[in-house]
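Here the chain labels run A, B and C in written order, and each chain numbers its own residues starting at 1.
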Amino acid sequence: MKRPMRTALATIALCALAALLFAVAATARTSSGGLGSQYDVSKDGKVTLTLWWLGDQEVPGIEKWMKETIAKYQALHPNVTIKTVIDPTDTWTQTQQTACKAKSGADLWYNWSGTWSLEQAWSGCTVPNEVVLSPADISTVPNVGETRWQGKTWDYPLYRFVYPVVYNKALFKKAGLDPNRPPTTWAAFLGASQKLKASGVTPIVVGLKDGFGGEILGSATFQKQLYSSYKGLVQMVINGNFTSPTWTSWITKLAQLKPYFNNDVNSITFGEGLGRFQNGTAAMVFGTPGVQATIADMTKAGKQVGVMKPPVFGSGSYANSLVNTGNGFQVTSWSKHKEVAGSFMAFMHTTERLNALYAQTGNFPADTRWNPSQAKSATDRAMLGWLKDKNVNYPANYYPTDLDVNGNFVVFQGILGGKMTVAQAAKTYQDVITKWRKLHAADLRNYLAWVSSL
Amino acid sequence: MRLSRGAPWLYAAPMLALIGAVFAYPVVTLVKYSLENVSTSPYVPTTYAGLSNFRYIFSDSLFRTALGNNIKLFLCVPILAVLAVLVSAILFDRPRGWRAYRTVLFVPYILSIPVVGVVFGTLFQLNGTANTILRHAGLGALAQDWLGSTAWALPTIMFVIVWKELGFGIILCLARLASVDEQLFEAAKVDGAGWWRLLRHVTVPQLLPALAFYVVVELITMLSWVFAYVYVMTLGGPQNSTVVSEYYIYQAFFQNSVAGVGAAAGVTLLGVVSLFILLRVWMGRRAALVAYD
Amino acid sequence: MRTTDSAAVLPAQRRPRLSTGSLARHAVLLGFTALALFPIYFMVVNSLKTDDEYVGNSIGLPRSPVVSTLRDALAGGDLYRWLGNSLLITAASVLISTAVAALAAFPISLMRWRPGPFVLSFLVGLMVVPPIVLIIPLFQMVVNVHQLSTYQSVIVIYTGVMLPFSTFLLASFFATIPRTLIEAARIDGAGTLRVFRSIVLPLSRPTLMTVVVVQALWVWNEVLIALVFLQEGSRRTLMVGLTVFKSRYHLDIPLVMAGMLWATIPMLLLYLVGQRFLIRGLTAGATKG
């Protein structure tokens, strides 16, 4: 009895196994071999993908990396040709909208997180990651959360911009400060700035002529300190009061720093400001995307540089953190080869490519499959440690561009380079948001839907 | 010339078609948009907005600033007129090398605004060349944040506009003077008129038609052709202090995606300009009629 | 048309006397000349410097002149590509606009076409319509026909925007052509097209040159339309490219100046060669009493 029993059981087991195998194979086939990294590109025939992005304007050195990536991808998939188009940053949003209205142009394009990506999504111009990538591709990218809306994510970040305060150790030493223990509290920071000024250097440098320096500083150093979740910030956009004591509190702090900035903030561009830090005429610079390249250049030139989290004054749990934001790609809704575009996005996230990205640009890849132990420099290690502690995103990605261009740009030029008072600054934000709400009823509804997915 | 009635239309047809596409259709559409909430995507419908776009721009302090800045730019025009008369009167005396002077003084007019804007932008930084020169000359007190302060940014742009547009005025005045009867000047000189009297009583009156033309053209320039200066030199800043109507329209459409608002501002600008258009047509017709002789 | 080229009409040169008056005159003129040429001077001297030298010496002559900066500005080929785009667009739109304008000016001035004078006034009015108000609808229109970032879209727009000026100028000139010439040709049995081709056009050669030069200058230097309609990197014109160039190399002023200088040279050459035509075109219609 025993033997036939066992045989029968074995047979059943085998059959079950076979069935399971068939089932797996069948599911795999019905989901057309999977998406993203699992998508079988070969069956699409000859495909030309057009990719629009900002190239080296955003991340110096990335054009070369992209060229390599495309060459490797095309070698792997000879039926695919990828064309890249580099667009000017100034007119980027308009370029995307234009293409969307015409439903032509890019198959995939670069975008920043938050509203930048979501506004394209809300207009129906792009498809969510879930349509073009496998769940595994998405789950390893920590920054997809910045574009979560209606249960989906709408931008596939490639790398993370970080916004530390960078300081020149030699100048700290010269001013009698401990170059290895930068200030962490607001009071200590003001004290340090005072000492730096007394030592004859510009404590902090920034260029605001092209405006966006105001966005970077305001967002990554000041505004985030008010929050423990950006739900509150989006709610603020919907019906908040920007002249409230809470919002005003960070502007007060900014005004306290005015004496420690360079005296020509409005007459130089952001890049020129960074240049002054780089050549050692200023002691600190706030939150600069792509900061790692600056640090590397300076280290190479024999200048010792340290990083710190922005000094804490706020009571939000985000106050003590290093802000980061993931920038990446979206697939357009009119693309005829969405899955191929998804496959290419996934290819950019293969370990070898992520390693090359870090090696060539110094930016942190936005993927947990990238092993942070590759970071050798002390500054990178410190920043990666802070990122591991807390994933705090970039506040300007949670409100409309208008609040940025006619709010942040204007307020920073006014406070640091003009005679604007804190009250006038707060009123500037309030006026802008009032105007915006009046004009953008449809977007307001999108923000309402968004606030519930945060 | 005797010919079939259709022939003139046939010759003019390509021109009329292009004018229709590039001027007529856009203006009609612009007026239509100014009365609509124009959508930003193919998936959202456009709705009728009545006059709300116009109400909006006139309640918008930024638009008022923008129009105000255009009006402030009008200040360039008398400056241009005076300088053009002075320089052309001097050149008309034909000092040695006047042709070379004329050639050189016209050069700014042919340089492109991006080039001019970038060069002057560099010169006028707070720690730029202009202030360095002032400091070396012991005039450090006059150094300003030329393009970085709300008080000086617009005047600095005005300086650059005057710098660039002056050559045109000089050429116009010289051309006019050359067509004036030389005896007029000789007679005044025989009467013992000095340089200033000659200028006041002979040269300026003779220049009036050319000046009138120049003034109208420059007023129109200040209203509708200054976008590139602002775009290249200040991007409307600092604190939006150099935003002009063109820049406002550009921003409304391309940055804030509110085509209706941009169109309303455009219609308003067109309304203001049409006053000058009438003047220009009147002058143009006079010139044309003379030309027919 | 009695449009004046002052050089041709001015009477023989009078001997200048050397006096305080003439010294003052030269002083004023030299002042204006220095001011007018300073930006070019600034571009030239700095494009012969390295960035290191510029930091210590931004106005003076280069102490150790280099050509590497001028060469570096051309590296990567962007300036060449933009230059090519500008040349193509300028040439095409100027030629088309001049041809269309000449065809239209013919009936306006030389045929008994009743709407002629009205059309002419209308064109003069259009000459001052601000281009920005045309941009929004044109943009939508171009998008709807899927022609964004194409050469032809910009060429058509430039042609259209220039037509009021070119038609007006040619019509004014055609009106000065003696009717008797045309009548004679008609009696000989020439059709309108023959008259146009073998009488009107050959007589107008200088004016056609004027129209071409003035328009070329305008198209070459135009920013707004190029900025809006040619967004794709490889199609940019030189003027829009320069703004990109500037933000790319903002830290290296000599390199930026070298780029600016390269972009300026073609226009300076055109000006020096076509100065006579240019001035004639710009002063047309303004010098009548």
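In the analysis below, contacts are C-beta pairs under 8 Å (C-beta built on N, C-alpha and C of every residue); 3 or more make two chains touch, one makes a residue touch a chain.
The structure displayed is predicted, hence computed values, not measured ones.
Between B-C and A-C, more C-beta contact pairs join the chains of B-C.
Ranking every chain by how far its Cα centroid lies from the centroid of chain B, the top place goes to A.
Separation between the centroids of chain A and chain B, computed from CA atoms only, is 42 Å. Averaged Cα coordinates give chain B a centre that lies 16 Å from the centre of chain C. Note: centroid distance chain A to chain C, computed from Cα atoms, is 44 Å. Counting partner chains per residue, chain B has residues 128, 253-254 touching two or more of them. Chain A has residues 91, 101, 210 in contact with two or more other chains.
Of all residues in chain C, those touching 2 or more other chains are 139-140, 227-228, 240, 243, listed in ascending order. Interface residues of chain C, counted against chain B in their complex, comprise 1-7, 9-11, 13-14, 16, 21-22, 25-26, 28-29, 32-33, 35-37, 39-40, 42-43, 58-59, 100-101, 103-104, 106-113, 116-117, 119-121, 123-141, 156-157, 159-161, 163-164, 167-168, 171-173, 175-176, 182-183, 186, 192, 195-196, 217, 220-221, 223-224, 227-228, 239-240, 242-243, 246, 253, 256-257, 260, 263-264, 267-268, 271-272, 275, 278-279, 282-289. For chain B in complex with chain C, the touching residues are 1-3, 7-9, 11-12, 14-16, 18-19, 21-23, 25-27, 29-30, 33, 86-87, 90-91, 93-96, 99, 101, 103-108, 110-116, 118-120, 122-123, 128-129, 132-133, 163, 166-168, 171-172, 174-179, 182, 195, 209-210, 213-214, 220, 223-225, 227-228, 231-232, 245-246, 249-250, 253-254, 259, 262-263, 266-267, 269-270, 273, 276-278, 280-281, 283-288, 290-292.
Residue ranges of chain A in contact with chain B, taken from their complex: 91, 93-94, 97, 100-101, 103, 123-125, 208-211, 263-268, 401-402, 405-406, 409-410, 413-414, 417-418, 420, 431, 435, 438-440, 442. The touching residues of chain C, when paired with chain A in their complex, are 139-140, 143-144, 146, 148, 227-228, 231-234, 240, 243-244, 247-248, 250-251. Note for the complex: chain B touches chain A at residues 40-44, 56, 60-62, 124-128, 145-150, 234-235, 237-240, 251, 253-258, 261.
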